[in-house]
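Heads up, the next two complexes both have chain A, just with different partners, chain B and then chain C.
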Partner chain A sequence: MSGVNSTAAAAATPVAPSVPRQPGTLKRLLREPVAAISLVLAVLLVLAAVLAPLLAPTDPFDNNLSTAMAVPGTPGLPLGADGQGRDMITRMLYGLRATLVMGAASVLLGGAAGALVGFAAAFYRRLDGLLMRVMDVLLSFPAILFGLAIAAIFGPGIPAVILALSIATVPLMARIVRGSALVVMRQDYIEAARATGMSDARLILRHVAPNCLSPMFVFATLRFGQVILLGSALSFLGLGAQPPVAELGAMAAEGRTFLFFAPHVAVLPCVLIFVVVLTFNLLGDALRDALDPRLRV
Partner chain B sequence: MSGFLKTGRRRAAALLGGTMLSLAGLLPAGQAAAQMAPKGTLVVLREIDADRYDPHRTTATAAGEALFLLTDTLVSMDWDQKTIRPGLAESWKVSEDGKLYTFKLKQGVKFCDGKPFTAKDVVYSINRWIDPATRSPVKWRAGPVKEVRAVDDHTVEYELKEPYSELLLQLAQYFAGMVDQATVEKLGDNFGVQGFNGVGPYCWASWTPRQEMVLTKNPAYNWGPPIYKNPSPQVDRISLRVIPEANTRLAAIQSGQGDVTQWIPYFALDGLKRIPNLKLVQQPNYFYDNFMGFKVDKPVMNDPVIREAINMAVDKAAINKAVWFNAGQVADSYINPNALDYSAKAASEMPEYSPDKARKLLDDAGWKPGSDGIREKDGQRASFLLYGIQQTYNNGMMQAVQADLRRIGIEMRIQLWDATVAWGKLATQEFDAFVMSYPYASATDALSLYFPSGNRPTPNRMNWSNPETDRLISDAKTALEPAARAEAIGKVQQQLTESYPWVPLIRQPLWVVSGPRVEGVRPHGIYGVALYKGLDIRLTR
Partner chain C sequence: MSGLLEVSGLARHYPVKRGVVLQKQVGTVRAVDGVSFDLARGETLALVGESGCGKSTTARLVMRLIEPSAGTIRFDGQDVTNVGGGALRTLRRRIQIVFQDPYASLNPRLTVGEAIAEPMAVHGIGDAASRRAKVEELLRLVGLAPFHAARYPHEFSGGQRQRIGIARALSVEPELVVCDEPVSALDVSIQAQVVNLMKDLQARLGLSYLFIAHDLAVVKHMADRVAVMYLGQIMEISDKRTLFADPRHPYTRALLAAIPHPDPSRRGRVTPLGGDVPSPMAVPPGCRFHTRCPFAQERCRQEIPALREIAPGHRTACHFAETLPDPGLDYSGGLTEAAARRLALYDAARRKSAA
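For the complex of A and B:
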């Protein structure tokens, strides 16, 4: 992820105008009500996940079978309890945490690998054909299939899901980065930089990567939502989080059988997944609008 | 939203009717939107399909659901799951030394295609079952066969190398079902996939895997087991329809799309009992147990104190209430008290639930709590890995056990695998403990499956290797007198009770629910199959 880490340095350097990063991005983002709401929601969700151990009223693993499937509103259990009698609020906070970690890790790992591949393909044209064909092959596998294969080899668990989703993210990011990098590299200032004898690595880091950041960032945000949905699906299938770890998809799976008996056990985690995915999708859309110079009024 | 969420248990029955129907109606698949059950056809709803319907090449309960209807066995099993009754054989004799069984076959028995059934067919079927080329996973159930021969058209001699007290019990199972040589040879590997020809009350009409199997009445059939009031089938056609999703299956029963099912989610039992035109019947003599087993030769698990403490720490009554909705029965012995050769003495010595005693036991044995609350001894953490099949009840039970064990300072890591890979994983030595459920016919049947040292690594996943156990199991299997068998297998139960290789957890119940137009349903439960021959079932419209 070296490209992204150098954002601050790159932003400080006055670079060419193609997709400029100006300090007004956040302001432009907040001007749109939907964008503002999604940003606030995203921050709240992340905070809730980070602070789960402080916010949660009970131990997430300690069961109490006497309150199994208690309905919401039961004294001491405002959102009810799951099949093990564990407080739903606690489980959902920890579930959110696992889900967000899964999403963030997959997007970061897959995104970083994809970006490397993308830059390599754009920069070293001889590698382009080979790399992109490999990416095409990867693209033809559904993420669920990767998940199944990896879980069969390494055993189900959150790391397996992260690996599967990272692999599924690589080709998408690689294509986006390659496309943006190709555009940037046709700019005159790149030629100029090259003429000064700048090394390849430095050229990519200082001049190409910073100018590809906006599409990468937008993609990562949108992808975050998709990955969470996919990760929840994998956990739902029993390939992800293993008991007693709370994860939203796994919680939905555990509650599914009792949908008509104790609907809250499955419905509440599903609602939370819905909120998380919607939030990050809206945020991604808003970011794209804010960062796209062509949409700027 | 809040009204929806506040819906509680008491309103479950109402919801079951209303919401599920509306949801079922929305499902695009043909299964839920299917028409009402047709006139003259009994629609039996099932949870899963089997891979094939060849009695010698499958072990699935789902295969038994059809195979008990498609073909018959030499002997049949009474409702008590102990008494052997006539089947295709009207009588039999056992020689003094217990090695020769002579079966007298009924007259007038015909295959579905009209061909007469004779002693030659018995010889062919049994030989196919035990032929190594058939690769039957349950060949051992046939016993140490020396030779099976036809004396005349209606007399079969079944000769053993040594006595086998379980033989009749095993010959009542569907694995010992009769098949037709010509059909087997014609269909080859597709026998039981593309067709079947048996001597059961029903005949194979069609099979659409994972959807529906249609059976039609065998018109000649009048040789049903004496446990039924009618010797012949009362329904013209049976459709065995697969609906994997529990709520959809229930909705289908309530709406009349299905007539009868044994695959009832336990949470729904109470609600169903309150619906006036549905009938629920239970079979009390049903032996299908859930247990947890330990690999007794692996670190931590090899300490009997740990295994005893685990036995004391698991609150089975709470698990039955929360996970099984009180539908199951707490398993406080290795064998069901209603099963043949259950040892009451061994059962009385099983450890009782007492977390305090478990903690004290561990303390005294030198297992001291570490910084994270998990006990340690000689640098070893009281932590182990459990494998199992990914499924609602395993998940619920094992999380409850996990929490119970945490309270006494033992860490259990759970790894549940998808059914497609689970059996392979459960055959490895990677895990320390496992959770499983299984049907059995008697104490000897159950224990001689899991505990002989020759059955490692599966089904003896405990790696239990004990010469005394081997000798006693062999004694029980070769016993000539029922009392001698009971004594030998009772000693095995005693031995296991004292060494804790398992935690018996919950005994599954067998209930059958049937709709308003169905009469005469009585669950049997042989090898987990509720309808067995289904002879007394009638449709009123």
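For the complex of A and C:
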């Protein structure tokens, strides 16, 4: 032992660790004010969506033409009513629900499939050309076109939108993952890992994937916002949520008709979309930083 | 001397392709072009040469991280050139690698403890508790403290990271450690620590090293034998003392003479090598060094010199090894003053630690 210790001048005599363990991810997340606010907002939004049936003062399909286009502040209708006289609060809670499910499902499904393709292409170079050309083909179709095709096959509705947007997300995520995986795989620690003789699955899951997380996170949160807007566009075209169903994009589209008489019908869902997209973008950035050990203090 | 590693005729050629769809081969990069050497148990063989001469490729071929185009690799008497599956896994446990860049060789997302324990986990050695104990033992062995196991690589300096890399390589108790320029990315003061640590570990654990380097001061300190590579082939191989005192290949001489020397009177006598290393896509015919060799003759342009034994244990690939003019340079003392001082410091540190 003496032989090593005395040569180990750099390590000197190590003092007892002052910070033996790193604070947890959640704790670090809450230390950043922006991150903390976005986390709280995200939790509130999700709770509101989940508990919509309990929180909503009325039934979302309860139309009452006597209150049609009631302005916010009307007694009993704090945020007014839409063109059919339905309570805006109720509609927005249910709309939020549909929008979050649509956005999250498309990003998760499409992102997972895309990540799988990306890792496969980066790892098994023989598949690379084929996989990436298929992705290029997918990439050349606009999401709206997928929406049209899928709505034509399965009928319009939220599941069709989710399917269309998932497919549109796959090639984007695949490209991003492939690129960053290729960079990571040139690192020495990947060669060191190979030199231990571990399985490909372990190598990808433990060494390649965690080091590709940052771009994946950023893309997923950005895509979440895009997907919500695309979903609204599809709803607007009549391919997404069908009329009585509340969905924020569809509501904004409906409200467009009377934008000059009752702007709140279109503006309020748009504001909520804005809040949702911003919240999840900020949360995504904060999570990416919190999950990166290099940024830990 | 029991041979641990025997390599013969090892080659790696990379086809160079043109075209997007209908690719056709337009050439071949001869990264490693017929390399043979052996390595005894407990011995350190240094591979030296300019960048691009195939040192690192040779190391990765030996480790089976890349597949050889030709040649055989025998490890501990067994032909491992083409083994796969379980036999390859066993080989992976017995040969480990330490990298040049201590910043790229550790996964930033794993704690030091996880990184060191992982090879053991992959090979199913011990359970979680015994692996943790082993990690602490290894950390102490390389001069770090057990509490460092919970930290992430970015919290360490280059020298410390290199120690972590060494601890990771040692965790599965390998017999051969391939060191790919393990100290060339470190500060000189840290180099001494790491080099001495490696020597101590070798003595204690009976390790064999395949030591790749271009710093001749470090090579002189670490190696038992030295192989000089040029354009994918070994030009000269010999024990360290002979190679430094009596180099018989013009390239070896040029390498040794290129070490900066404080004596101005040498200036006129040393002719630095002209030109560049030829492309490994167009290896010169005959002796591959003849384009830059100051002693090249007609024969060198036509006939490939064999790596032949000119004295016991001293092999060189030069037609005129015996008749080369004596340059009158004292190579053994030809190290710079700074390098000599460093060597003295290494030795002083070692003596102190032994006491």
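The working rule: the second predicted complex is superposed on the first by the 233 of 297 C-alpha atoms of A that agree within 3 Å, B and C clash if a C-alpha of one lies under 4 Å from a C-alpha of the other, contacts with A are read in each partner's own complex, and residues count from 1 in each chain.
One rule holds in what follows: contacts are C-beta pairs under 8 Å (C-beta built on N, C-alpha and C of every residue); 3 or more make two chains touch, one makes a residue touch a chain.
This structure is a prediction, so every number in the text was calculated from the model and none was measured.
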Which superposed partner A:P210 touches (first chain B, second chain C, both, neither): second
Contacts of A:N281 with chain B and chain C, given as first, second, both or neither: neither
Partner chain(s) touched by A:Y189 [first = chain B, second = chain C, both, neither]: second
Touching partner for A:G80 - first (chain B), second (chain C), both, neither: first
Chain B versus chain C as contact partner of A:L65, first or second or both or neither: first
Which superposed partner A:T257 touches (first chain B, second chain C, both, neither): first
Chain B versus chain C as contact partner of A:R202, first or second or both or neither: second
Contacts on chain A seen with chain B and repeated with chain C across the two complexes: none
Residues of chain B defined as touching chain A within the complex: 2, 4-9, 12, 15-16, 19-20, 246-247, 265, 267-268, 271, 315, 318-319, 321-323, 390, 392, 395-396, 398-400, 402-403, 406, 413-418, 421
Residue numbers on chain A that touch chain B, as the complex places them: 61-63, 65-66, 68-69, 71-73, 80, 83-85, 148, 151-152, 155-157, 237-239, 242-244, 254, 257-264, 267-268
Touching residues on chain A, where the partner in the complex is chain C: 1-11, 14, 16-17, 20-22, 187-189, 191-198, 202, 206-207, 210-211, 292-294, 296
Residues of chain C that touch chain A when the two form their complex: 60, 63, 65, 88-89, 91-93, 95-97, 99-101, 104-111, 118-119, 122-123, 140-145, 147-148, 150, 152, 154, 157, 159-160, 163, 165, 168, 172, 190, 192-193, 196-197, 200-201, 204, 349-350, 352-354
